[in-house]
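First the structure, which I've put down as structure tokens, then a few questions once you've had a look.
Naming follows writing order (A, B, C, D and E), and every chain is counted from residue 1.
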């Protein structure tokens, strides 16, 4: 019988594959639940996977394929901002709804495309929260800003830097490190020489882990603040143990794992031996939102779906979500978390 | 037969034991934080499959009854060079047929496959360009992607800052890429084979890193949007964006036509097809021209070339910049077809892929390059259904193809000259 | 700029350089013998990192407490299994290509590197993995102000020493022993070496096994030092190590070490005192410059061709 | 004036002096042979003359009839000297030769050679080998070649004809379309000579052309060489160990030992020279 | 197999070989007795070098039997054959250009397993005394030797392994007349010491004078055989190979 086809486009291979896995797990769990509950408008949902490896070229191929060959009605993804941007033009032109669960670059929704929405915050919001925290809570005077020279990380660092300036502070250092490398000792020595009293890092856990470890090893005990790119237990593994992640802070949406709606789902994931961290629940929520829009508006047209979403609020596993006219979340609920020596994180009161 | 089976069984056992050692720890013991989590069944399944597979292969390859099948898969590692007169008749028919099919494609393919076809054409272009450098001149270039990037960015940046149109960008990019080739080539072309390889690799990385880091100019990792190509002021968008007129409005004056998103792809495809056809012709000619012969001679023996009065640095340089030029043109088409460029498209892997096209095609063979480019672009798309396993299978295919046909898919043809009886 | 910062950057550079050197030795050996750039070498190193973590985890569950014992056992097991991978890769992807063009094994190596990367990703998942920090402690040279010091951790010290010692042993083997002679002969003229009774297939396997063992040593040390890796680490490190090998003169073992050190030092000084965004650009520029003035690398013997 | 004059040529490799103050001349239209024991420096001398090595010291001049003498050493480009930095003209000259100089310029000046270890373009056909050798004189215009203008076709046809002519002269017509690398050794030697001749040289330097040929083939070769001189006015400079051949066709023989000229003169003179007998031919030959 | 005459060192029966589709040898049969010097002559491209190389399995014979000391060695690996006390001075010398002269000579012994330092030293001394030039250039890179010196090195390297059967492909190539005389004298001398020699030569005159027996190869087939003197006297041979 006929099914509702939803594309899941993200990095399922390559260096970012870990995020692709989170995305897929979340989306898969969502359709299982929805299908069990009767599907959308009585139709079952079918997920179609498209691997873009976070490469624009592949993202274009995937987008065209999802649109023309698989004839999907909506897309969950992409993950990297650099792939979401070119691919979303294809979806937009074809009038297909696309909702990204993790592309936080402001440009994603700033281009006036009609069918593009996101489930996550924006780097500028996140950076603002980070800067406020660094200055007001930590009382830092000499802030070093680092990033990983990638769309996400650099966007974050730039936003943070910009807000730092509005707060009247100039960073003592602003530099990029290379993704995939593990040795940041030179940079750490430089941080030390610059006498920074806080370090802000825009990037992912795979670099943040070794970075913080090498900082601690070289006796740089100042706080490290980062964004949602390090929201993963892997961060602790990468840092060499809980000892090293003390005094590390990060911004993240109110932890979906803690929200009452999510409790049961999280328990189910854990039962299946999977920790639903990072973007897992985001992807789940994206599918929920898409399904809700289709169910309620009774349409599969991307523009109509987008308009419906922009006008209504959806109950998701991460709580109620609603969107503004650009497609960004109305409420950005970035809050600050702190890691402890047991390798767990908790909201900073 | 019994002997064969016994032999196969012994062999399979050995391979199975090796497999157990290789797969055991890697697939049977899963890291989980700092702990470990055993999944022995996975390893055993894999080893079992390996055992069975090996057994079957050995049986098939060794049993006389199935020798026909076995022959099909036998490796060929001898050079097969055929000296054949140029311009054979059946050749021409084949060329015309291929062109006709290629012209018909946009009307047969879905937009997705059309997009793949465009990519394939771009890779043919790049393959032909690199073929000049590696196949003909014998210069191992592992950083060809640099010129590709130069081309793509000269369109993107040219449009952004200089207001270049697609058509202006092509010669601009070609020149720019060629001069990059010349500037890089001049100091490094005196180096020997593999040193050249690593320097070009380094150069490719430098270009990518600069594009990534020079944010004020290139937008860094965020990339740049590129305008869509136009044809005589006709735009291939629904509404005019660059001061032209949308094509359906222009053509609408004469005929019944609706806007279709595919038109843009058809246009790029056709333009590319023309460029590729011209290039194929050019490369075929080059091989029979003094400069092409000099390239090949240089590949064979540099010292002998010098003894014949050939300036080896200049000749190499000409190959290098000509290859770069083609790469630059490829870049413009890539940027135009994607509508967006960022440095992630110009990694080392891209260079490796283009090189694989050239080698698999059989160094120096034009038809080989075309076939290999099509295979290597269509294959990953066909494999999309295997998602997780796609790259793994692609890698396996690369190894298997190399092992099966180390000298390339096709035989190498050398031009034959008609020797008339000379009157003394 | 105070001298402690400079001193610390020096240490950083030397450690990083030694790591590059350790891996570069594998490249250089394989290149030296079959004249082929083994792009899969970085992946072999990555596999050894996984094997290290697996062994350490298994040892922990077995209750091996002594750090020293754990390290030795890990080293042994990692070398053994990694060498097996090295051998197998050679057997599958390169041996059949002995008589083809020089480029065929290069492509096959690139394919192999994709295969290994994705095999590990599928087997172990794409998450970042790590090992707990094992060896604590460091040597510090403290100034008047206790905030200022130059430090070397014990692990870093072990890395540098191991790199130097293993490089020394290997170059002695290649230069002075019968095995080394047979290796070099095989590289220059395989057919002639066979005519003289050298089992070239065996020699090549031995070289691959040796190269993989060096990668395994690097894998253990680096993993213990940085504590973090994923299936993708082979590529970045591999390219750098390869650059180091070429910088020092490909085919020359001391050259690989020297190239590694220069690369490591230039990276850490450039990152430390100029700008870390462009440190790789700087490193590659050094490579290009060196090769322009010394076309066969720092310690490579110029290929004099007698005409 | 001799076609080629070599004066006080010295060539050192590290501590080894391969050539020591060698002076001699090659007359126009002559066949001059260079002989000497193994390792005497013959090939090294050839390499200096044809620009593959830059001599440590000494001069090499080529005097083409009706032209000014050409300094073959300068063509290779030389390291800067102190004086260059003040003299602008000398400086530009130096830079010019440094960038564009090299052994190919010597070849273009009219000195062709063959190699002791054969160097053919092995994966190209015999005819292609010969066409490459005419690189300097064919129509190299890219556009002309791609659209195949009449001028281009004419130039190619002429080149092909010249190639076929020399092939025939060397008796290789049958192999015209074979791969050079698959030819038997003796044919490869002849092809190398044909290729050198295609560059239209005034002086051709042959390094042991008779090596690997049997006596009958050697006799053919000697006929060929005499023909080259007689019919094409070529000057031949020859290294050879086959004394029969050398004594038969040489006008002039130079004997080298340990990098020094120990004798020179007509074959008869040289043959009787006691130093040559001792160092090269063997003493009992005299008996 | 035991009926084979024990003193037969090398025996070829109907050996065919070639490169890819090209057949070069078409059923060559010949034999060499212990202590003999046998020479093979033939025009360029007759297949002489191919014959020598195919004894070592490279290219591997397509048909026929090759017996070395009575054992069939067709199908054995090249290095395996080399370890059976047979050495070759190949066409084109094939010395290891990047290694020193000394190392090149050592390559003649080291691959053969069991090492005997004393004997190695003695053999080295012997080869150096045969070719004093090599002694002078011990540490020079072999690739920069002159052509003749390289030829001496190739011969020296083959002698280093103390073979029982020595195959030489044009050993006189590129050597000065005096040196050729010496080489032939050396060959005579080691033959007298019991080494069997199979020699391919263009310098047919001298080769046939030296040899006990000779074969003539034409287009991959043996057309003539006989004692050295007989072949020297043969009119056909004189016309084709000795220049009348």
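By our rule, a residue touches a chain if its C-beta (ideal position, glycine included) is under 8 Å from a C-beta of that chain, and two chains touch if they have at least 3 such contacts.
Here's who's who by UniProt: B = Amino acid/amide ABC transporter membrane protein 2, HAAT family; C = Amino acid/amide ABC transporter membrane protein 1, HAAT family; D = Amino acid/amide ABC transporter ATP-binding protein 1, HAAT family; E = Amino acid/amide ABC transporter ATP-binding protein 2, HAAT family.
Please read all numbers here as calculations on a predicted model, not as lab measurements.
Novice: Just tell me the minimum hop count from chain C to chain E, counting one hop per pair of touching chains.
Specialist: 1
Novice: Of every pair of chains, which is linked by the largest number of C-beta contacts?
Specialist: Contact tally peaks for the chain pair B-C.
Novice: By CA centroid distance, what chain is farthest from chain E?
Specialist: When every chain centre is compared against chain E, the largest gap points to A.
Novice: Could you state the distance in Å from the CA-based centre of chain D to that of chain E?
Specialist: Taking the mean C-alpha position of each chain, the two centres sit 32 Å apart.
Novice: Taking each chain's centre as the mean position of its Cα atoms, how many Å separate chain A from chain B?
Specialist: Their C-alpha centroids are separated by 34 Å.
Novice: So what's the Cα centroid distance for chain B and chain D, whole Å?
Specialist: Here chain B and chain D have centroids separated by 43 Å.
Novice: Please work out the Cα centroid separation of chain C and chain D, and write it as a whole number of Å.
Specialist: Between these chains, centre-to-centre, one finds 48 Å.
Novice: Hey, what residues on chain C touch two or more of the other chains?
Specialist: Correct list: 118, 125, 129-132, 277, 280, 305, 307.
Novice: At least two other chains touched by the same residue of chain B: list those residues.
Specialist: Within chain B, the residues that touch at least two other chains are 34, 78, 213, 303, 388, 391.
Novice: Going through chain E residue by residue, note those that touch at least 2 other chains and give them in order.
Specialist: 19, 144-145
Novice: Would you pull the chain D residues touching chain E in the complex into a rising list?
Specialist: Those residues of chain D that touch chain E are 13, 16, 36-44, 116-117, 182-187, 208, 211-219, 241, 243, 279-282, 285.
Novice: Where on chain B does chain C make contact in their complex?
Specialist: Listed in rising order, the residues are 18, 21-23, 25-27, 29-31, 34-36, 42, 75, 77-78, 134, 140, 187-188, 190-195, 197-199, 201-203, 205-206, 209-210, 213, 303, 348, 352, 355-356, 359-360, 363, 388-389, 391-392, 394-399, 402-403, 406-407.
Novice: In the complex of these two chains, what residues of chain A are touching chain C?
Specialist: My answer: residues 13-15, 17-18, 20-21, 149, 175-178, 180-183, 185-187, 189-190, 192-193, 205-206, 209-210, 213-214, 217-219, 232, 234, 237-241, 243-244.
Novice: If we count contacts the way the header does, which residues on chain B are in touch with chain D in the complex?
Specialist: Residues 79, 81, 83, 281-282, 285-286, 289-291, 293-294, 296-297, 300-301, 303-314, 412, 414-417, 419, 422 of chain B touch chain D in their complex.
Novice: Write out the stretch or stretches of chain D touching chain B in their complex.
Specialist: By the definition above, chain D touches chain B via 50-52, 100, 102-105, 107-108, 112-113, 115, 119-125, 127-129, 131-136, 138-140, 142, 145-146, 148, 160-161, 164-165, 168, 173, 176-179, 195-196, 198-199.
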